[in-house]
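Across the two complexes that follow, chain A remains constant while its partner is chain B and subsequently chain C.
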Partner chain A sequence: MEELDGEPTVTLIPGVNSKKNQMCFDWGPGEMLVCETSFNKKEKSEMVPSCPFIYIIRKDVDVYSQILRKLFNESHGIFLGLQRIDEELTGKSRKSQLVRVSKNYRSVIRACMEEMHQVAIAAKDPANGRQFSSQVSILSAMELIWNLCEILFIEVAPAGPLLLHLLDWVRLHVCEVDSLSADVLGSENPSKHDSFWNLPGNTQTLTELELKWQHWHEECERYLQDSTFATSPHLESLLKIMLGDEAALLEQKELLSNWYHFLVTRLLYSNPTVKPIDLHYYAQSSLDLFLGGESSPEPLDNILLAAFEFDIHQVIKECSIALSNWWFVAHLTDLLDHCKLLQSHNLYFGSNMREFLLLEYASGLFAHPSLWQLGVDYFDYCPELGRVSLELHIERIPLNTEQKALKVLRICEQRQMTEQVRSICKILAMRAVRNNRLGSALSWSIRAKDAAFATLVSDRFLRDYCERGCFSDLDLIDNLGPAMMLSDRLTFLGKYREFHRMYGEKRFADAASLLLSLMTSRIAPRSFWMTLLTDALPLLEQKQVIFSAEQTYELMRCLEDLTSRRPVHGESDTEQLQDDDIETTKVEMLRLSLARNLARAIIREGSLEGS
Partner chain B sequence: MREPVLTWCVPLELLCSHPLPVSAFLKTQVKLYTYRACAGKDEMGKMVSVINTVDTSHEDMIHDAQMDYYGTRLATCSSDRSVKIFDVRNGGQILIADLRGHEGPVWQVAWAHPMYGNILASCSYDRKVIIWREENGTWEKSHEHAGHDSSVNSVCWAPHDYGLILACGSSDGAISLLTYTGEGQWEVKKINNAHTIGCNAVSWAPAVVPGSLIDQPSGQKPNYIKRFASGGCDNLIKLWKEEEDGQWKEEQKLEAHSDWVRDVAWAPSIGLPTSTIASCSQDGRVFIWTCDDASSNTWSPKLLHKFNDVVWHVSWSITANILAVSGGDNKVTLWKESVDGQWVCISDVNKGQGSVSASVTEGQQNEQ
Partner chain C sequence: MEEIYAKFVSQKISKTRWRPLPPGSLQTAETFATGSWDNEENYISLWSIGDFGNLDSDGGFEGDHQLLCSIRHHGDVMDLQFFDQERIVAASSTGCVTVFLHHPNNQTLSINQQWTTAHYHTGPGSPSYSSAACTGVVCNNPEIVTVGEDGRINLFRADHKEAVRTIDNADSSTLHAVTFLRTPEILTVNSIGQLKIWDFRQQGNEPSQILSLTGDRVPLHCVDRHPNQQHVVATGGQDGMLSIWDVRQGTMPVSLLKAHEAEMWEVHFHPSNPDHLFTCSEDGSLWHWDASTDVPEKSSLFHQGGRSSTFLSHSISNQANVHQSVISSWLSTDPAKDRIEITSLLPSRSLSVNSLDVLGPCLVCGTDAEAIYVTRHLFS
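Coming up: the complex of A and B.
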């Protein structure tokens, strides 16, 4: 197979002066940054006026087009439907399904074309109008190619119907064909034409058709040779056309807008029962004759020619080069792959070409703030590299809103992408902490199963409580459930809140034991013990005795433990001095309360035992 | 074509008639987008790329520009000693911060992973590495590392899985590794004489857990083997590995360049057991090094291309399918691997086409 020749295409960056400066670059997640620089790292740069601009270059421009978005959205639905087509289906039913899919794609292209055409007409700015018009012509070309591929590769029309399909194809895309056929039909033998071409629903076999045509063709030839119409040059040339005489046809070149129109017309009159494998002879010569050596084939011509030659890979290759986005080749190749056409061409990695193109297309979608969701589904249907590509791309989606974040997380969770889930939750937790939304931060860290972060957030909660005397986000803390076990600090936070609840419900005995257990089990951080002991004060001062003697001893032990280990970590000297006074008072109060409670507890327990 | 150019180098051939082993599927060549920024006849499908320009207002040469993780912010640094941060969402450009703190040209900037917050590192001729952090909406200097005796040329953050770790390469030949230990504290490990004369570039290997990736119980960190690559003025690329005792040891020396190594770039992982590193050098060569197995230590170089001038910078796209190279010839070229393992920039060199000079033809044994 021939190499495609083409120089590497070049993008010029306006404003960068290459004579003076070099260019450096870096990749962004979906774009590239380029700027002028000087690589020679000297301390003093030369006094060359430097360019302060950074250029951001994007590949997938089309992704941002409003109208094309419909194309992307709707074709996404068709793509998914195609992937889900029952693999069991074979033969005619499968073929008809695939043809239907192809027609769906084409109708989507046409709809897009229509809309863009409307916009082009309505455009106030002529430059915009021109741009839209050119986009319309590109879409039209795409539909032209797709239609031909459908006829040749998917419909696989045999000789006979093949030409009919090609006639339809040309008719759809070239208006002028109608005027020519009108001309022809206006000739002397319309009835013969009519009956001959009454093919829909025709029950004649190919041989019968061929025979009929041969007979009619011979009759026309006889008329010509007999100079039956010698008096009328117009009719003579018409006869020649009907005989498929190329020169005569070419004389009517203005009516034929392009070579493939010429090709089909020519076939119509010279070989209507042309077989698919013979098409390419006619195609090549039609192109050559039509261009007449005056101009060279354009990319579109080459693509169509490759299609007539049944060279699917060349078609895909040329389309990849000519078109500015991967939409067309990705979807077409996928469809052809479903028709099992790529394998039949015996390319070992045929199916991987499909995947390759789909990956490129899907990656392009990720550059867009909402179309990325379509990309996810495409990656799902790429068995080799789809998953890892999705993993790499999905982490880069900016999580601007909570909804978007949740959407991304859901996608990751559905696919068991645990690493990504964890990483995203961590990012969100960090962001929440920075914005002081502790409840949010806590729930993200729990979702991320990040113990370290949960500890950090719990500490913040506790610190807040110490400063303000109340908890924020009570709902969350109250309903932690098993998530509480994620980290010790979190467990403590949950239990501490439980203590407060119990106290509020006047379940003093339970509250008391819980409080004590928090200290004795060492779940409570040492820095918090003072607070806990202070919390115990009201319990100690109740009329009824709540803490048993045993418990009181424990409390005393904790207090002594705490006071014997001054200074508490981290405090500066001046803070220490101030705190000292408060601390001493607190400790004294506690000692007093504990002593009194101990006394009462002993008495009470002694009395109970006694009676 | 004397204008400065960004050449999108072609790959390829969609077809190849040689049967290939399955592992080669990765290496399909496909043509990239084509761009023609200049006006021409209305060729089918050729749309001009959108080029946004950000006016950084730097007063002197820009040395580096980096997008953050999401592509929403841009950090730039310059010989004017400043580091600037812009919000570039929706094609806009809003200056968020103008950070001053360096006393010399700033060579590189690097964004940390967003899970650690908004953190940016910068390194400079003034021998310092500064870590900047956004706190309550304002950017401030969070930490300064002054442990080098000479210009610090390169900074690179480790994969987020390892924690918050920054590698710095300096002209004093040493590489320092800063690890955040919490509460504003950074622990420093220094590898002295990593490269004689100087170290020009550092690049971390992607995080890969040895053995199977089972879900670890919460709070427990899996045992990552941390590795990074460095390139230096001793013409070598060195691979470093962290030992169990926390010390860094030189694991490998990759020799192929005949002049200073200017940049190294370890490719992101796409789930295959191969590791790939790109390196470029003063000698004009760009090599692609591959190691087929994580445990084996044989790296084999393949010459991507020999340029006519110094090659300064190489970088992989995020899915590692394109390598971008910038050289002294004022171009940025993009490369992709071809079906038969060759690296291609131009599709059909044999016909003498292309805007790159004739010397490109040597060493390009293409498919066919």
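Coming up: the complex of A and C.
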């Protein structure tokens, strides 16, 4: 059993007396359902629980924040751009691209921060204002951590430029640093100070820098030892600061807002050419000296410390615990993975950390009614479990309009998820049939290439025809086009309608041969044969002979086929007799017509041959 | 096309429409309306792109669009049209059609009129009442025509409580869009690839004409009529194909142009420059089709700083400036003369572009990536 990283928080459910009654719960993809049961801890169970509600508990409320939504959407675009970066780019160009991506992410965070800050100021309700302000500080912390990770892990600044980056970092996040630099610049050696930091980066090597600094440092020490500034204690303490004396620095604690500010200042004056691997030593001691045993480190401090120690996994782990939303860790880990910094740290179920975090984040997006579309792209870039996760999630998106269904189907089709396409189309087609929208139902079966459903729809049409004596939705049946080939029944429907049309246009010969072919080619369902034969009656009774002798023989054969193999229905005797009556009358009429037609056909064919 | 401004607005945009300008006005478009979809709470919002010389409280800069007002809308906004300067008609996925009124003095929107059961599968009288989404709405003051997933066509008149005319079961499939041809005639497109023309002067429930594609019955999603030539109609289909039809002649399209890789959601002729056509699609792109022939000759490897252009036909570029003939350039099928320049307007591929609108030199579009893009220099 793993040990807990922190104490679990307790959430009270309003309206439920948890001391008296037990609650039941169930997990969802991103939420939990909770309700009160009738089971009582001590006494006998009561009839009805006192609280009639089911509660949904969400851990991730950020997903519902209006302003953070912009963060999710903009970072989605950056994420996609990052995935599409040419894999073959190496070296400097790749690094500069990755740094640019990192800066893009950070600017998006800062834009969100700005907006939330404006909203916090303008909030009328102080509780709301406080909530927004705390969100702002969370975002600010996120940007702080990201910036540090960018400097240490992505930019990978070597000794020399490293401190410049760290200075910028602190300057960006701590406003009070300006007052301190004003103090320093007001010292006796501003020119030496300025020129020292005028590093273009290329023209001086690290050793030259070190030598220069050594020289300057020794000069300062000499001034201190010579007590040159003994008359002015202010200047003396300034000198001590410039020598990197920790005690002197700590005296100015009010100006240094936090330990990392102290750290960078200290490094500036004691070891400006610090190497990245030595950072953690200074970081730990700075933290201890600054806190001075009065307070314990906060989560943010631990995260920054882990970063200084170049322990990426620890950084990510601590961030995952501290933040309520997977956005930050998912995107940061993905970026670091692109920098090839994460070893394939295998977790229990086989996928690596980057994929795990992206899956968690994307699943969280799917729990939102609107942001699920973003989640799709994240699943695409999870090679092991992404596709399977997407298949499961996409089938569960509620489809309340056809337009939304079309978007979901397009997503499935683009990824060749034929099973999901078929199942979604079937649901929609079934819904359409229930609403009597047979054209829509057919349209969905065509999209899914679902022959079985097309057959179902055709059977509905045929049944309607038998009941009403005419076709409904002629605009559909007359214009089936190539879709007719989707299923035999559908083809039959189209052809049958064509027969009616031909009859209406008095093209009797064509209609007759079509009717015959419908029966002999066996695409007509057996149940319909009687109807077809009855349809043949008016043709048989025409003045002119339409069916040839051959065709009449075929018709008679069909009729015999039908009557000889009539199955026995389990109906009551009287009904059976009535049905039989009607049936026998029909059959007799048909037989008579066929015989008469046969006679006339033989005579006509015989005569033609003769003359 | 130079500046196109994007703004993330925390809601997926289903429709964007410019507010029409007063006739004879020399101003450019300033205000547009948007509708959202797929949220637990959807909104109709009005935005302004007026010149804000200084930074305003939001930190926006000139060219950025600002929210004027918004109002809650029940259900997804399936379609949106300006009825006149102050009134907006919205079609909802709950089958309700609402007319919103904008009050410019205090910048608010309010509900002016509502037909709550405009579209339904089983009627409000029966116990198993089930609503159907209203998919398209078109206005021609004072008439409003709506179509929906129930295959029903409604003709409303503003300030009349009941529908003036209803054609039940006009179509056995879903009607996706509707447009006016001439005033008593409308044209609808459906999900089995048919165009149907309905004449409200006739009493029956049958269309006066049916046109359809040969071959596969691909559903058609959008339709727009040429502003000057009322027999020329463009439709966009589920396979991203753009079709141009002449409704006077025959039952088949005049030209079929392979366009997008996914559903084409909207097609618009430019109202004052009808040689320009705009389409947007589920594949995340927005295309500008330029069929005007009075442009100076360009080489076939034409690039204009960042946007991509492709030519459609193989005409050689030694063609003299062809005098614009009376026949619409969209209908001419002569491959030697046909040259359509296609430009993609969005800087990068995003999620689906659901809607666009053009007015003068201004274009606005909305996407599923919750962004609205505006440009005021379409023809630069």
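The rule we apply is simple: the second predicted complex is superposed on the first by the 440 of 611 C-alpha atoms of A that agree within 3 Å, B and C clash if a C-alpha of one lies under 4 Å from a C-alpha of the other, contacts with A are read in each partner's own complex, and residues count from 1 in each chain.
In the analysis below, contacts are C-beta pairs under 8 Å (C-beta built on N, C-alpha and C of every residue); 3 or more make two chains touch, one makes a residue touch a chain.
This one's a predicted model, so the numbers in the text were calculated from it and none came from an experiment.
Colleague: Comparing chain C with chain B, which touches more residues belonging to chain A?
Modeller: B
Colleague: Could you look at A:52 and tell me whether it touches chain B, chain C, both or neither (first, second, both, neither)?
Modeller: First partner only, chain B.
Colleague: Just chain B (first), just chain C (second), both, or neither: which does A:323 touch?
Modeller: It touches chain B, and chain C stays clear.
Colleague: Determine, under the contact definition given at the top, whether A:207 touches first (chain B), second (chain C), both, or neither.
Modeller: Touch partners of A:207: none, neither chain B nor chain C.
Colleague: Could you say whether A:521 touches chain B, chain C, both of them, or neither, answering first, second, both or neither?
Modeller: In the superposition, A:521 contacts neither chain B nor chain C.
Colleague: Let me test your reading of the model: by the given contact rule, A:534 touches which partner, first (chain B), second (chain C), both or neither?
Modeller: A:534 contacts neither chain B nor chain C.
Colleague: Under the stated touch criterion, which partner chain does A:357 make contact with: chain B (first), chain C (second), both, or neither?
Modeller: So A:357 only meets chain B here.
Colleague: Looking at chain A, which of its residues have contacts with both chain B and chain C?
Modeller: Correct list for chain A: none, the interfaces share no residue.
Colleague: How about chain C: which of its residues touch chain A in the complex?
Modeller: It is residues 8-12, 37-40, 57-59, 76, 78, 93, 121-122, 130, 132-133, 135, 149-151, 171-174, 190-192, 194, 196, 207, 210, 212, 214-217, 219, 238, 262-263, 282, 348, 350-352, 368-371 of chain C that touch chain A.
Colleague: So in the complex, which bits of chain B are touching chain A?
Modeller: Interface residues on the chain B side: 1-10, 12-17, 19-20, 24-26, 28, 30-38, 42-67, 69-72, 74, 76, 79, 88-89, 104-105, 107, 113-117, 125, 135-136, 151, 153, 160, 213, 215, 218-219, 262, 268-271, 310, 312-313, 315-319, 324, 326-328, 330-333, 339, 345-348, 350-351, 353-356, 366, 368.
Colleague: Which residues of chain A touch chain C in their complex?
Modeller: Where chain A meets chain C, its residues are 66-67, 69-70, 73-74, 76-77, 81, 114-115, 118, 122, 369-370, 373-374, 400-404, 406-407, 410, 414, 435-440, 442-443, 446, 472-473, 475-476, 479-483.
Colleague: Report the residues of chain A in contact with chain B in the complex, numbered from low to high.
Modeller: Contact set of chain A toward chain B: 1, 3-19, 21-39, 41, 43, 45, 50-59, 61-62, 64, 134, 137-138, 141, 298-300, 313-314, 316-317, 320-325, 347-349, 352-353, 356-357, 360, 363, 384-385, 387-389, 392-393, 395-399, 418-419, 423, 426-427, 430-431, 434, 449-452, 486-487.
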